[in-house]
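My questions will all concern the structure given below.
To keep things simple, chains are lettered A, B and C as they appear, and every chain counts its residues starting from 1.
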Amino acid sequence: MSYIISDDAKELLKDVKEFCEKEIREQVKEYDISGEWPREIYEKAIEMQLHMMDVPEEYGGLGLSHIDQAAIVEEIAKADAGVAVTLNGNGLSLKPVLIAGNEEQKQKCCDIIINGGWGAFALTEPDAGCDAANSKTTAVREGDEYVINGRKCFITNAQVADFFVVTAMTNKELGVKGMSAFLVYKGTPGLSVGNHENKMGIRTSVTSDLLLEDVRIPAENRLGEEGTGFITAMKTLDLARMWCAVIGVGVGERCIEEAAKYAQQRVTFGKPIYKHQAIQFTLANMQIRTEAARQLCAHAITLADMGVPFTTEASCAKAFAGDAAVQSAVDAIQVLGGYGYSREYPVEKLLRDAKIFQIFEGTNEIQRIVIGRNVINKYKI
Amino acid sequence: MEILVYIEVKEGELVQGSLEALAAAKELGNATALVAGDADAAAKAAVYGAPVVCAKVDAANPDAILGAVEAVCKAKNADAVFFAGTQWGKDLAPRLASRAKTGCITDVTGMEKDGDAILYTRPAFGGTVIEKMKNHGALQVCTIRSGSYSKPEAGAPASIEECDPGEADIRVKVLEAAKEITEAVNLEGADIIVSGGRGMGSKEDFQLVVELAKVLGATVGASRPAIEDGWISRAHQVGQSGKIVAPKLYIACGISGAMQHISGAIGSKYIVAINKDPDASIFSVADLGLVGDAKQIIPLLIEEIKKRK
Amino acid sequence: MEILIFVKQVPDDGIEVHLDPAAGTPDTAKIDKIANAFDTYALELAARYVEANGGNVTVAAIGPDGTDSMLKNLIAVGAKKAYLFKDPSFEQGDEASTANRLAQLVKKCEAENGAPYDLILCGKESTDEISGQVGARLAEELSLPFVSSVIEITPDGDKLIAKQETDEGYIKFETAMPAVYTIAKPGYDPRYPNIKAKMAARKAVIPTFSAADAGVSEAPCYVECVSYTEPPKREAGLKIQEKEVADTVAKAMEILIKDKVL
């Protein structure tokens, strides 16, 4: 099984696969070591329009179905999770604009991305991660302007972004209801990007602090009404979680590929190790959990497309796919034995990459809180 | 069977592949060698025992050569025309066949008589499939894959006949023939080839391959990635899109063993592979595999070989 | 300039072809069919030529069902028009038959295109049969100038200059138009389609013609494949992997001397 996609999308997927094999798979090894942002890979990906799959067709986008998109994102993630995260970063930054922005804002941000630019979504703060309501960043209205002050952290694509969606408190006393979302463009005085994090995995994705010191933006850059920022952010994360899960599935699939190939080549006790039941079962379990994660993604995407609530399903997909990717990476390393632990082989990187999927876009603990709360609501007595 | 063999001349020298084609023709019937333009080359061809026709044409123009081959073929009433498996041979053979309304078999690695007909052997699909072919046309036209026949023994010179093939249908004009690669690379005739691939890592480290070749008196080969990265000129390329080689010893350094490459070297008598990936597919065709970094292994290998000299 | 490229659909050359033990013929049924690599180089070269100098590129193929999918994919990477010629009679024959049919098809392509072609391109060979004859034979069938293994084309008034790649360097030929060239691998790779172009191309309807539609008469055939075999397999030999590189080398030297290779 995999995503069920049209014949035309299958043809497209072949191109993406070829692109990943020729332009990503080998190339990322060096960037994984250096931690450098692989601009050359992204420039090629932009030419292929892999960076703009979230731009709606009416704003000049591609018109792919979300399931087609999922199959493509998985294929990219299979080659390198970091590259998939970077490309997906554009989708993440566009979502709040598409959710809360006006026509002008939507078109402007879509145009930036269509023309090869990048966006970043700046929600997390040093003291406000999953508890976004604890945000310390403030936006003070002064005439036709807002003045934003604060510090954001772990911001994907911050170093390369042309626009940022920044959440800030316009009224601290109202708590989450006092949060608003703003568009801040690169080059605005007072806006600066900190050093990028030296991360354990997804090293082809750049993550940095974002500093806002008396950043003055026109009031028209506000996304939606004052006080709607938290809702916008939560809606964004619901959607983002699904795509995060899809990338995790790609990591899991790569684990299966590496383990299955190795198991056919490595001989112990006179037979290739895949003929030993222990290895067969390991491979089977990797397949079971990866496919289960993929179908959770497909289900959440279908619900979102239908316009019905999908928060629980997106959280299930995200938590399961993240846990599955980590477990499959651990399994793949075990199948490869000593070679699995060696940096000469690709699977140790898969574990480093996989781990983030239990952490970002809401830790898996937060996902479980969301899911648990919804379970109680469903069976409320 | 009267067989005409077009002898290609490059910078005054007879092309090895043409001599192989001549050897094949001598095995099958009465061979006549056709040399375009060059009287000196005609004299060189004559020592291989087959009578030589020297056609006075512009040997730099393929249309002129094609006209000459066509005219001599008619004049001699040839039953077959053989070409070397070179770029020129592969261009001329199908064009001649088209004009003579017959079939053409390229990349022939062997021929046997089957009654009056010739049964040709040629590889297809990158060498994983071998085809036996027959040409039911009146004239037999083929190109011989280099390395398939040994060149004929030299002996007492045969006769040389000059001929004027008349006006040819000239459709192209040669403006410039440039040599970018100055070294002579004879991969097809080499006894030992040392080849390097992507695993050599860089242009500097590729020099280790060159050094090892020097110590062994070998010719340097390369796989496509090494060529594409500009570590060495494409004259050194071994593989489906390069040269098909059959040395006594083939040493593959840092070559993973894409089919594209393997099919060009599979005819080697003994293959040694050096690769740090123990699962590299090159090991499945190697008589001896050394698992390890070629960059570390080659210097030690050079040392050992020098010691034993 | 109007450029026509004849494209062949071949089994993916990244996958090894073996014989079907029952039929004794190459078993390619399960292998993905793709456009011949050299034909895709021809398309990229042509696309770059018309982008720089103006003109249109048409791709055409003879092939069974499914070939239209390949042609759609080529529309996404530089071809403007595509024609498919499909007929049971086209499935038999040798290189002479193919070249003869293609020569006849040029007229039909020109009629559909509404303009004659100034240049006809083929890949220098196909990756399945690797016979490298069709382009050369096509030039003869049409009595047109022929240059093989071209890697660069430049306009020169009403003439073209074709740069042919050779073992040692290159030869530049001047030819009149129309001409037939075969294309080798230039110094660049074919482009990837962008998603928009790809999805639009997938919606294209490829005009498809039978032998009768295209006015193709019977083609000659001379060559017969009598049998297929597989070459003897090479057995994997000894693999040495010692902890110390020096030990690996020492052991290898021993074996090479014992095997009388050195």
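General observations
Heads up, the rule we're going with is that a contact is a pair of C-beta atoms (placed from the backbone, for glycine too) under 8 Å apart; a residue touches a chain by one contact, two chains touch by 3 or more.
Just so you know, these numbers come straight off a predicted model, no measurement behind them.
The touch graph of these protein chains is complete, with an edge between every pair of chains. Using mean Cα coordinates as chain centres, the one most removed from chain A is B.
When the interfaces A-B and A-C are ranked by C-beta pairs in contact, the top one is A-C. With centres set at the average Cα position, the gap from chain B to chain C is 22 Å. Computed centre separation for the pair chain A/chain B is 53 angstrom, with centres defined by C-alpha atoms.
With each centre defined as the average position of its C-alpha atoms, the distance from chain A to chain C rounds to 40 Å. Residues 11, 13-14, 16-19, 26, 94-96, 99, 127-134, 136-137, 139-141, 143-149, 161, 166-176, 179, 185, 220-231, 234, 236-241, 245-246, 248-250, 252-253, 255-257, 259, 261-262 of chain C touch chain B in their complex. Against chain A, the residues of chain C that register as touching in their complex are 32, 69, 72-73, 191-196, 198-199, 202-203. If you check the complex, the residues on chain A that touch chain B are 262, 265-266, 344. Against chain C, the residues of chain B that register as touching in their complex are 62, 86-87, 90-91, 93-95, 97-99, 101-107, 119, 123-137, 169, 171-181, 216, 235, 240-241, 248-249, 259-260, 266, 270-272, 278, 283-293, 296-297, 300-301, 304-305, 308.
Taken in their complex, chain A has these residues touching chain C: 7-8, 11-12, 14-15, 18-19, 44, 47-50, 53, 62-64.
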